[in-house]
Amino acid sequence: MLEITNVHASYSKTPILRGIDVSVETGEIVGIMGKNGVGKTTLVKTVMGLLEADEGRIVFDGEDVTDEPADVRARHGMGYIPQGRDVFPELTVEENLRMGETINDGTDDLQYDAVYDYFPILEERRDQEAGTMSGGQQQLLAIGRALIGNPELLVLDEPSEGVQPSIVQDITRDLRRVNEELGTTILFVEQNLHVVQRLGERCYAIDKGAIVDELGPERLESRDAVTEYLAV
Amino acid sequence: MAVSDPTIKTKPAVDETGRKSSRVLQTRDLRKEFGGLTATDDVDFALEEGELRCLIGPNGAGKSTFLNLLTGQLEPTAGSIYYDGHDITAMPSHERVERGISMKFQVPSIYEGLTVAQNLRVPLQQVVDDDFAVRTREILERFDLLAERETTASDLSHGQQQRLEIGMAMALEPKLLLLDEPVAGLSVEETAEIADLLCEIAADDGVALIVIEHDIDFVESIADRVTVLDQGTIFREGSIEEIKADPEVKRIYLGEDH
Amino acid sequence: MSVDSSDGHLAQLRRPFEGPNTLGNSSAFWAGLAVAVALLAAMPVVFGYYAAEVGAVFLAYALLGMSLAFIWGYCGILSFGQVAFFGVAGYAFGIVAINVSTLTGATLGLLAAVAVSTAFAAVLGYFMFYGGVRDVYVTILTLVVALVLFTFMGQTAGGEWAIGDARLGGFNGMSGVPDLGIGVGSVGLEVGLVGHYYVTLGTVVATYLGLRALVNSQFGYAMVATREDETRTEMFGYDTTFIKFAVFTIGGAIAGLGGVLFTTQNNYIDPSVFGITAAALPVVWASVGGRTSLLGTVGAALAIQFVDYQLAISGSEWALVFIGSLLVFVVLVMPEGVAPRLHDHVAEYREPNDPEPAETPAATDYPGGDD
Amino acid sequence: MTGRGVARRDVLAGSVATALTGLAGCVAEGGMVGFESGSDGPTLAVLEDRSRDFALTGTPKYRTTMLAIEEINRDGGILGEEIDVFAPDPQSDNMRYQDLTRHAIYREDVDAMWAGYSSATREAIRPIVNDHEQLYFYTTQYEGGVCDKTVFPLGATARQQLGAVVPYMIDEYGDEIYTIAADYNFGQLSGDWVRIIAEEHGAEVVGEEYIPLDESQFGSTINNIQSADPDFVMSMLVGQDHSSFYEQRLASGLTDVPIGTSTNMAQEYEHLRIDPPALQDVYAGVNYMEELPTDRNEAFVERYDERWDDAEYINQEAQNNYFSVYLYKEAVERAGTFETDAVLEQLESGLEVEAPEGDIALDPATHHMEHNMRVAHADENHEITFTESETIGPAFLEEVGCDLTSEAEQTQYEPDAFYEVA
Amino acid sequence: MAGLGLLDFGFEFVEIFAFVVLATVGLAVIFGMMGIINLAHGEFILVGAYATTFSFAAGLPLPLAMLAGVVITAVFGVVLERLIIRHLYGRLLDSMVVTWGISLVMIQLVRIVFGNSAPGIGIPFGQLPIVDGPVYYLVLAVIAVGLLGGLYALFMWTDFGVRARATMQDEETARSMGIDTDRMYASTFAIGSALAGLTGALYAPVMPITPEYGTGFLVEAFVAVVVGGASVIVGTVLASGFLGTVNAAVTNVAGTFMGQVAMLIAAIVAIRLLPEGITGLLADLREKRGESE
C-alpha cells in the first residue's frame, strides 16, 4: 500500500532524513517511534508531500507519488492528521469535516455516519467554531475530518501531543476501531510509550533521520525494548 | 498599587510580630468568567516558599486561566490574589514581575530572532545594572548553554530552547516561578534534565514553583504536592501517591493506565 | 573587529555606540563612516551652493527616515504617518517664526516645533497604545491621521486661517518661513545657506549616534524585546505599552526636527507633505535600506531621493515606473533590506579569516560585522 | 555667472558667526568644480508636469513651449544663438519643483523659466526665484495679485476672466448667483471676485460653497443648488475629481441652470472629455480656447498637431506659454543681451505680441498681460461658440498701486484688503 | 420641508453608502481573506474603469462593457498574484510596500499608454423625481447590497467559500486535505480584483477617467476596512453603514468638507474604541470564551 524507499529530505538545507525505508501493507497499523528531533514530523510531511524529498521514492497504492503535491496525494486517498490541534479554528465543526470530503477523491462514500458514531461530540457541536473547543475535542475533530473521505491510509503525527492521559487512551481505542471496522490502514509517528504499545501492530524506530530498528508485536509488548528508542 | 493592606484577614499571612509567614501565594475566592463561562470558580489556593506544586487536570479545567490570573495577563472577575503578603489583584503584569513572579510559557516563547546572550540580557537588565557578562555566563553555565551564547535562538534545539526559557525566567531572580507544560515535546532525557533543574531550583534557590503538566511520570518525579483542577475548581489536592490512587481522578483525568 | 591596543581610547569612546542591536561595530566600519561624513561635508566645497541646498533637503529626509527605522525596525511599530510629525513641526516653526521675527522667533520656533511634534506624537501614541491599537491598525491609523491633516491643511486657504501674521495658506502652503537661527533679537547665530547644510548634516550625525547609543542601551534591549514578543517582554517586568509609547514619541520628535530643517531650507511648506506619496516615502527608504539599520535607511533615503531627482532632471516619463519597480524588486529579493543583506555578505566573507577570539569574557564582545 | 545681484541668503551665509564661518567662507557659490552648461547660448527652463495630478494640463504646456522654442531655433535662434532647454518632469510635486528650480538656477544657469500649473507650485518656488532674482514666467490663469519684480504672471487673472463672464451671465440670465469653487486660495479668491463683480453689476450671490479638491461626489452640492434655485451658477471647480460635477449635474437634471466658469473647458477641456450634453450651457470667460476660429489660431493648431502626433487639446495655459516664449525673444533681441536686468528693462517697456488669441500687450507696471477676453459657450453637443472679444487689463494691481517699474516688490495682494468682500 | 430634508438625507446616505461599500469590498476581500494590504487597490479599480470605458468606446453596450471591465481586472489580478503577490503571503507590511510600488508603476504606465484622459460615458437611467438625484445611485446601492449578500453566501455557504477560508487559516493542512491551495489563493485574489474592477466599471460613468482615477477611492476604502475589522462582509456592511451615516449627516448640515473630516475623525475614534474593528469586537468575545479552557 505504501512503499517508502531511500527517502532523503531536508529543512532549509539542513538534512533531516537520511535514507528512510518504510513499507506498510493494506490494513496494517504501523508506528514510527523516536525521540524529539529525530525527524518524525519531517518524515510524515515528506510522506504527505508537504515537504519535497531530495532523493528516494514514495509509492502509494501502486502509484509513484514522489513528485505529486500534497493535495494530489490526499485526493489519492491519504488522510492526514497534523501534529497539535491543526483544525481550522474559525470554521465550524461541520465545515471542518466538509474539508475532509476532498480526501480520496475516488469515493463518494462519505463517512459522516461513522464519524458521528465514533465521536458523537462532533455531531452535538457541529455548529460550534472549532477554535472554541478543548484540545482533546479538537484532536477528535482532526481525526474525524481525515476519516470523512474514507481514506485508504490515515497518517497521524503524534496524536498524543498535548492531550490528557485519559483522552490519549480513548483516541488509541478509537483508532483501533477505525482500523477494524473501516479497514483503514494507519501510519503514525509517536514518542508516547502508551500509544506506541497499544496502537502499533508493528513499529519502526527512527533515530538521526534513519530507521534503526523494526519491532514486531512481541517486542512491542516489552517496555524495555520500546523505551530503548524513546530512552526512558 | 494596592499594597496598602498587607494583612489577609481570613488566613493570616502575617504573624503577630508583623513578620511575613512562609506563605508566598494565596488566592481567595478567585473567579474568572468569560461571557457565560466560568473558567476559574472561586479558587482558594496556597503555596509555601520553596514548594514545588504540580497542577494537573483535564483539558479545559482552567489551569492556564489560573496561571494567567496569577501573572496578571487576565483580570479576575472576583476574588483576590495575595503574594508575599500583599494584595496584587489589581497590579499590572510588569509590576508583579518586579516583585518576583516569573513565568515560562507553554510554547517556548523565547525571542527567536535574537541570540542566546541577547535573550538573557532582556530579563537580566531588570535586576542588575551592569556586570551582564558575568551574570550571563553564570546562567549559561548553569543551564548548559555556554557554547550557544551567540547562536540565534531559533536555531537551538527544542530542549535548548526550553532550558533557555527557564534560564530567562530564573534570571529575574524570582520568588515564584510558574511553568506551563515545560517538558511538552521533549525527549525523555531532556525531560529528566528539566526535572532535575526544577527540583534544584526549588531546593537550592528557595523558589516556589507551580508546574502545569500532563506527563504524569514527570509530575511524579518532581512534585511535593499535586493540585487537580476540574471545571475551574480545585478537585483534589494532596501528595502524588494520594492523587494517583484516587479513583475519581482516574476517571476524569488519568485513565486506567496510571 | 579585533581591536589593537593603539586605538584603545577610540574603542573606549566607541563602546556606548556599539552592541548587537546595530550592524557595523568594527573599526573598519567606523573609519568608513568617518570617511562618508567627511565626503558629505566636502560636498558644498566641491560642488557649491547648489549641493548645499539640495543636499540639505535630502539630509532632512534622512532624519525622517531614521525616525521611522527607529520605531519600525527597533520596536516593530510601522507608522505610515511619520510625515504627520514632520509636517506639523514645519508648520509650527513657520507660525512662530513668522510671528516673532528676528532670531528670537527662529529659536522659539525651533523649540516650539519640536515640542509640538513631540507632544502630537505623545498624544497620538497614548491614544493608540494605551487604547490597545496594534499592528497593522497602528499603520493604517497613522496613515489616516496624515491624510486628515492633508485634507484639513488643504482647506485652510481663507484669511480666517491665520495665526497672527502667519497664514496657513491652504493648498498653496505657507510661504515666507524664515531661516533657521539661534539667538535673541539680532544677536546670535543666523543659519543661512551653507550653514544650514552643515547644521543639518551635524543633526543627522548626532541623531544617528544618539540613536545608536539608545538602541544599545538597556532601553534599546527593551525595545527590541518588545518588537520580538510583546507578551513575553511584559512577563519580564517591562511595561511594553510605555515602551511603545516612548519610542513613538521619540520618533515623532526626530521626525519633527527633520521637518524644521526641511521647512527652513525651503522657506516654505505645503500640505503635500501629508499626502500619501510623501507618507509612503519613509516606508520606502526603510524597506529598501533595511529597517533594522539606521544607517541603511539614511543611505537609502539619500540614494533613492538622489536617483529619483536625477530621473526627474532627465525628464523621463519612466521615472515613476523605475522607482516603483525598484521597490517591488528590492522587497521581493531582499525582504530585510539592502544594508542587513550587505552586512551578512561581508560577515560571511570575513568570518573564515577573521575568527572571533575564543576567550573574551568582556561584556560587549559579539561577532562584529561591518556594513 | 550672469550679472545677478548678490542674493540675500548668500549674505546671511557669510554672516554665520561660528566655526561654520570657516567652512561656509571657503564655499564658493559654484564650488570648486564649476558647472558650465553645454553651450554658450541661452538656456530656458521648462518645468511642466507630465505625470501625476497636473499632467493633464501640464503636458500641453510643455508641448507648446517646446514648439515655440523649436520654431525659434529653426529660424536662427535668439540673437543668433540656439536655445538650449532644461525640461525635466516635476511630476506635480511641489517639493520636486523646488529642487528642480534650484537645479535650473545653479546647474543649468537658465536665463528664464516657465514653471508650474497651480498657484501652490508658484508659491513654492517663488522664494527661490526671489533669492536668485530669476526671470520667471507663470502663465496659468490665476487668482491675481502677484506683484513681483522678476515674475511675469501672464495668464488671465480671476478679475479678467470673471470680469468677462459674470457681467455677461447677469445680462443674459439674471442676478441671483450661486458660487461653487475649489476650496483653496484660488477658489476662495475667485469667490471673492465673483461677489465684488456681482455687486458692481447689481447682482447678488445667494449661495456659496467651497469644495475640497479631492471631492468627487456632488450629490449634496447639487441638492443645495436646487434648493437655492439661482439664475445661474458660477463654477470655479478645479482638477480631475471635480470634473465629476458635470456628469452628476446631467444625471440630476441640473442642466437647465446655466453655469459660468473661469476654470472649466479652457483648462482641462471637460467639453471634450465628458460626453455631451453634460456641459450644456456652460459659459467660460477665456482669453483662448483651441476652437477659436481665427486664421492665426488655426495655423497655430495645425503646427502643433503636426509637431505632436498624439496631440492633446491646447489649453489656455499652453497658448500662454507659447506666446510668452516669443515675448521673451522679443525682449532679448531688443536688449541685445541675455542679461536679466537688461531683458527686464525691455519687458517693462510695453511689449506687444501676436498671440494666437490676438494681439496683446504686456503691462509694464504690473508684469501682467492685457488679454482678449471672450465668453465661450458650449451647446448641447459641446460645440463652442465665442462672443466678441474685449480687451481687459490687469485692473486690480493697478488699483492696488503695484508699479514694478518704480518699486521692486515681491508681494501678492489679495482683494479682501481693498474691497468689502463680506 | 422636514420630510424633504429627511428624503435628501436618505438619498445622500444611499449615495455615500454605495460609494463606501463599492470602494471597499475588493480591498476587504483581499485584506480579510488573504492578509494582503493592497495599496494598488485604486489602480485595480482604474483597470476596471479603463477596460469599461474603452470597451464602451469600441461599441459594446454598457452592461457588456462593464462585464469586460470586471473580467479584464480579474485576469490582471491573477497574473499579478502569480507573479508577485504570492511571495507576500504572511508579510503584511511588505505587502503594503510592494503594492504601493505597483500602484506607482501602474498609474504612470496607464498614462504613457493611454494618455491623460479617456473617453467619457454618460450616467445612465436619468433622474429621480422629488430628490432630483440620478436613478443610477439607487442602482449602485442595490448592486452594493446584492454584492455583499452574494459574497456572504459565497464565502459562508458554498464549498468554494469554505475551502477558501480553510486555505487562508492554515494552508498546509488545507493542502493535505486535498485542496489545491495555489488555486484557492489565485481565485480569491481574482475575486478581490474582479470586485475592484466592478467598482471601476460602475463608477466609470460617474467620474471622468484619468490615470489618477483610483486614488479617489483609497481613503474611504482603507478607513472602512479598518473600521470593519477582519470579518470581511459583516465588517464592510457595518463600517459602510456607520461611516456613511456620519458622512451624510454632517455633509447635510455642514457641507462636503466637514462631512469628510467628520467621517475620518469618526473612523479614528472607532479604531481607538474598537482596536480590532467592529467585527474584532465579536471575535474578541469568541476568543475569550476559547481561552477559558
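Letters A, B, C, D and E name the chains as they come in the text, with residue numbers starting at 1 for each one.
The definition used in the following text is that a contact is a pair of C-beta atoms (placed from the backbone, for glycine too) under 8 Å apart; a residue touches a chain by one contact, two chains touch by 3 or more.
From a predicted model like this one, the values you see are computed outputs, not experimental measurements.
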Item to check | Intersection of the contact lists for chain A and chain D | outcome: E
Item to check | Chain whose average C-alpha position is farthest from chain C's own | outcome: A
Checklist entry - How many angstrom between the C-alpha centroids of chain B and chain A? => result 33
Checklist entry - Centre to centre, by mean C-alpha position, how many angstrom separate chain B and chain E? => result 48
Checklist outcome for this item: So, in whole Å, the Cα centroid of chain B is separated from that of chain C by 42
Checklist entry - Where the CA atoms of chain C average out and where those of chain D average out, how many Å apart are those spots? => result 37
Checklist outcome for this item: Listed in rising order, chain B residues that touch 2 or more other chains are 59-60
Checklist entry - What are the residues of chain E that contact at least two other chains? => result 107-108, 111, 215, 257, 260, 289, 293
Checklist entry - Which positions in chain C touch two or more other chains at once? => result 151, 155, 317, 320
Next on the checklist: Under the definition above, what is the set of chain A residues touching chain E in their complex?
Outcome noted: 48-50, 69-71, 73-75, 78, 80, 82, 86, 88-91, 95-96, 98-100, 102-105, 129, 131-132, 134-135, 145-146, 149
Next on the checklist: Can you tell me which positions in chain A touch chain B when the two form their complex?
Outcome noted: 35-37, 134-137, 161-169, 191, 194, 227, 230-232
Checklist outcome for this item: Listed in rising order, chain C residues that touch chain E in their complex are 78, 80, 127-128, 131-137, 139-141, 143-145, 147-148, 151-152, 155, 276, 280, 283-284, 287, 317-318, 320-321, 323-328, 331-332, 335
Item to check | Residues of chain E that touch chain A when the two form their complex | outcome: 159, 162-163, 165-166, 169-170, 172-181, 286-287, 289-290, 293
Checklist entry - Can you list the chain E residues touching chain D in their complex? => result 8, 11-12, 15-16, 19, 107-108, 111, 115-117, 119-123, 125-127, 131-137, 205-208, 210-213, 215-216, 251-252, 255-257, 259-260
